[in-house]
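Inspection log for the structure reproduced underneath, given as structure tokens.
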């Protein structure tokens, strides 16, 4: 029997009917459904045991004592270390992204040698180290020919670098500008010595003049914890916080009171307050009280109003608050953590002297013993050093850059980057491809904080000597990197120097021993605290006499750079995860917004959303305007951390860099370079 | 060339002209098709939709065409259930328009959801509490009904009808059409209502939220009414548009006026309740949640004039025009009223979709703005082009208009 | 529909956020992204396409100079007692059915119709506009807590639900009662990481948990209380303008007064 | 044109008449039976690909050494379940080859000593979106859900579904739900999903 068309159709129909009685259709549908619920191209989760290991996350300037959570040994999250008395379980927004930053696309993946403008070639570690030794060896013993810039003021790495420089016959170890640098100068002007500390936890009124203590000044997480302890949710607050500064920033948002003070009027504001306090009966046993009193008397409420726009009432209310407090504390600093003059610091700190709070609220920390012999950091900061390089006054042949980004984060940044070009050989020890690394001849990738040993001694602002140590969380770095200190110690050996150590871990152990601390306990997330030293301070009256009267012409606006910890720092561009926290009134697409009050904008002839050019000195930057009534009159606030030219797709080319328009001036009587009082011209484009 | 396929005794344009016309329409169709494929490949990230506007042009378009396609079920209901025989002159057209609107809406919905391959989950894992589930069920079922209603018309094609089996099938389907019309009416009423219910239940969207009866918010009923108040007249407009395009008379004006009267009556009922509803919403509901009528509007594109245009100019005015015989019986006025009516319903759907989610509910939030992008426009355009193609094909090859031969002698 | 009907549970996980302590630092947003495997976006300034399960809003009192005040308001999912989003979902991809009262969102079930987004007045729900693409290697830092979602589905905060599961597992292991977790045994990532401890978390129906009292404090309020969604997230502020702003000034009986701020 | 079409229709009608009655119901039955056989026998074979474990692990030998199940498959302190042991555990005994079984040599040389974890195939592996707590189910016999491998010398073949990519033994949601329903445990989505 042949199979005709009709027979064939019947077989097919039978087949279809039969199929309905098999799992073919139903099972396939079910499996397809499952497939559609679990697309194969979606990343899969890691499995294994979840552990939490104590670590020291030096991603933020102060460093956070944290716990790194791992799954099957891979770090995936950062949690607070509740056992650590400094961070008490808190984590700053940058360190919160720490695990992901291990895989940041901006990481330097292997040693790189410059082979042309902006071009690098991956080389082997042994070649890289040989090159380093060769370049340093040539200049060995020639004073002024080898210099180093470091942005790490808390790590013992600095001792190794300065020790190495010393051994090579050089003393040019320069720190990036910081609060600590200025504050120590200020303390000297007040007849004391050492790093000042501030006991926020012990105060019942904290007046922060410029210092953004709850977001980016000092040991922020510790500050935040101290703040939080005074205001239990649902109960009465036990301390008052007042913020006086140019912008209603994160600190001001939670303070009981915000006083808008333009950045250049900080000292005048503090002296005006001193005047009111003295008027209300405050006296000091300091030797220069009479001089100080006379000086303060010049800063009447009317004068303060002229300089700051603050009403007499506000000042009087504040004075009354301070008078009523049992343990008031004044913290003065630049609103963005650097560049303030020593006089601003002295003016603020003098209030602590006047209120009799030195030793209690404001402390002085003793110098710590060194683990590595050497002279320590130069008296000049990196900005002054590079200014000399640009004029030819300093002519180093080799520069070591460690945890610093001078090409991006110094005032008149473009000039600074140019000055770096005058140095024949530059080597950068950097975890990430930052602006400075991109200009260097050799880049030696440094491990991420979770991949190395490191330490933190006395982060600026702590009231007591404080020491933290971090040990690696992972067995091996995820990139081909080596600890910079290990590399430098190795180089030192090859250059015929003996610094006494083989590895950074050994250096830190020695440091811990010198301090009398238990290394193992510290590496497990513990803390070492010493006692502040005693010692009185005077009111710094002779220095304060040089406080210049505030003048502001109508054409320029005061520039208030604003830092927001979540958005990164000089040495860390905004972590990819944190971009979400950046508001679209701060950055939209590639446009950065500068902020000013409606009044100021009107005077400057600009409106919300307008595109503007800000210029000062030789620098200029482009931005758009966002109106913010929390900005002091006559002031334009600019967020820091944007306008990156290196890094990765997440940050490169977004916004503009405010450092470009910060202008340096010499502070009267202190010889310091300052830029906290920069002014800018705002023009519509 | 294709004369053999024309309906008996009817003249159609030349094949060349037809191909040219189809080619012109296909260009729009293909452009939309490209956008659709792009959307399936890359996801709806290529559209102008965003976190605030999860619903946008597509949903507005869907709602509008479903409302305008309501002519199918309501005319069917009147013809087959209430036996208004005169409507046989236009009933075929209502079915085709309904089919185009619903199939188009289904396709747009498939694009609109983020995981089109999971679209069938609506049946597999239905949430009986969701108005959207009801919509998914009813519109797919109703599309089947429309297909069933459409099939006999296709089978009446001259050549197909020569096959005895198909001839009889068509005949039998015709005989039982009342049953399908009944099912269609039921399904359609529910999903038209559910579409309104979808918005009415949005407790977090004060612009749309309404109290109601049992599980149905007032918008449920208002959407049904507005759909039947506009669908019939939309069919008339389509018919008239085809007459202008082809230069032939297709349906007598008496039938059109009757459709106008039907729509007008329903529209009048709708507008009455709509005004009542709006008044109660503004005066009772809004104050109860700490909001005011003024807060519901913003600037020009979200301004009050839109709402007044919707309710007065495109609601009350056409309602009066359509129920007044002297106005209705003037062709120009009938069509004007029809256009206003259809605009009003579309505007209503737009406001419920876009304005209700553009409004800041969080007191510290801002009004948000939305502009559909090319991908959304072109895919909507694709549906319109699809409609044109189907209409052109059916008109050319199927006996859609029973009166055509008589009227064009 | 089911409006007005709040489903009661023995355990009701709730959050109390002290707005007077929130500095707006953003650590919660970062911790949330890390815990929940949200891929970083190259242009995260387009807030209309981002995924922020917890979003910190900036509120101001509209005044200037020394009068100006700002408050930061972190907005997780409110886990409403009477959620607007749950009844609208056509495929039961979201429900409020589990002890603890957390509104679930099931990604493999979701078809991406976004009806729930249209329903939520808090904008707590987000749509995955694109597949999650992590920078090369960063997928090694994925958290085991939350499955990665494909494009085309909706997601939202779930109070780090996996941590709830883990807390119950731990309780079981230690011989405790998984259904009566102690205060602090279960903490979402945002609450855990907040450096000022502005976010308190616990069972708002359990007197042993500190949120029990906090949620009833005189300065406590909920966002858009009048809409009747009955959120499980409470806010606390001693500042009157903040409290009033939270509910469209409905509490003052002056409807529309908030308009100036919008 | 007109004529041609008419002819075409004519042909179709013609064929219809001719075909009447050829073959009866037999072809239908043949098709039906063939499809049923194919669906129940061929299809499952086609649907799954077979895989073998990277190392022929013998539970039998390990048990004979006196090891208990929970020597390797244990709960951790945080209540989570360790599942399959990692190298760390295996190497407690197998840092070097200690026996004569070639499979051990494979393990030691290809994995243990190279510091590479063995990519074991997990018969019941659930996707990422499932949170399963062994702790909550520890009252239930392991064999109720897992293959009884305790006595095996060679691990069973692993069947991978070519469509869904899942193991054949991976429990389906309806199975979870049925048991939950029977035991009056919540079937809320979040009870199992993450």
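Just a few scattered comments:
We just call them A, B, C and D in the order they show up, numbering each chain from 1.
One rule holds for everything that comes next: a residue touches a chain if its C-beta (ideal position, glycine included) is under 8 Å from a C-beta of that chain, and two chains touch if they have at least 3 such contacts.
Everything numeric here is computed off the predicted structure, so don't read it as measured data.
If you compare A-D with A-B, the chain pair joined by more contacting C-beta pairs is A-D. Taking the mean of all protein C-alpha atoms as the reference point, the chain centroid lying nearest to it belongs to C.
With each centre defined as the average position of its C-alpha atoms, the distance from chain A to chain D rounds to 52 Å. Our note on geometry: chain A versus chain B, Cα centroid distance of 60 Å, whole angstroms. Each chain gets a centre from the mean of its Cα atoms; for chain B and chain C, those two points are 39 Å apart. One finds 30 Å separating the Cα centroids of chain A and chain C. Across the assembly, chain D contributes 76, 78, 80, 127-129 as residues in contact with two or more other chains. Each of residues 47, 50, 58, 92, 108-109, 131, 147-148, 150 in chain C touches at least two other chains.
In chain B, the residues that touch at least two other chains are 115, 118, 124. Those residues of chain C whose C-beta lies close enough to touch chain D in the complex are 92-95, 97-99, 102, 104, 106-109, 145-148, 158, 161-162, 165-166, 168-174, 178. On the chain A side of its complex with chain C, the touching residues are 37-39, 41-47, 50, 71, 74-80, 89-93, 96-97, 99-100, 102-105, 214-215, 220-221, 224-225, 227-228, 231, 233-234, 248, 250-254, 258-260, 309-311, 314, 478, 565-566, 575-584, 587-589, 597-599, 629-630, 633, 648-650.
Within the complex formed with chain A, the residues of chain B that make contact are 115, 117-118, 124. Remark: chain C residues 16, 18, 20-27, 29-31, 33-35, 37-38, 40-47, 50-52, 56, 58, 60, 62-66, 68-72, 108-109, 131-132, 134-144, 147-150, 189, 192-198, 200, 213-214, 217, 219-220, 236 touch chain A in the complex. Considering their complex, residues 1, 3-8, 10-19, 21-24, 27-28, 30-32, 34-35, 37-38, 40, 44-45, 47-50, 72 of chain A touch chain D.
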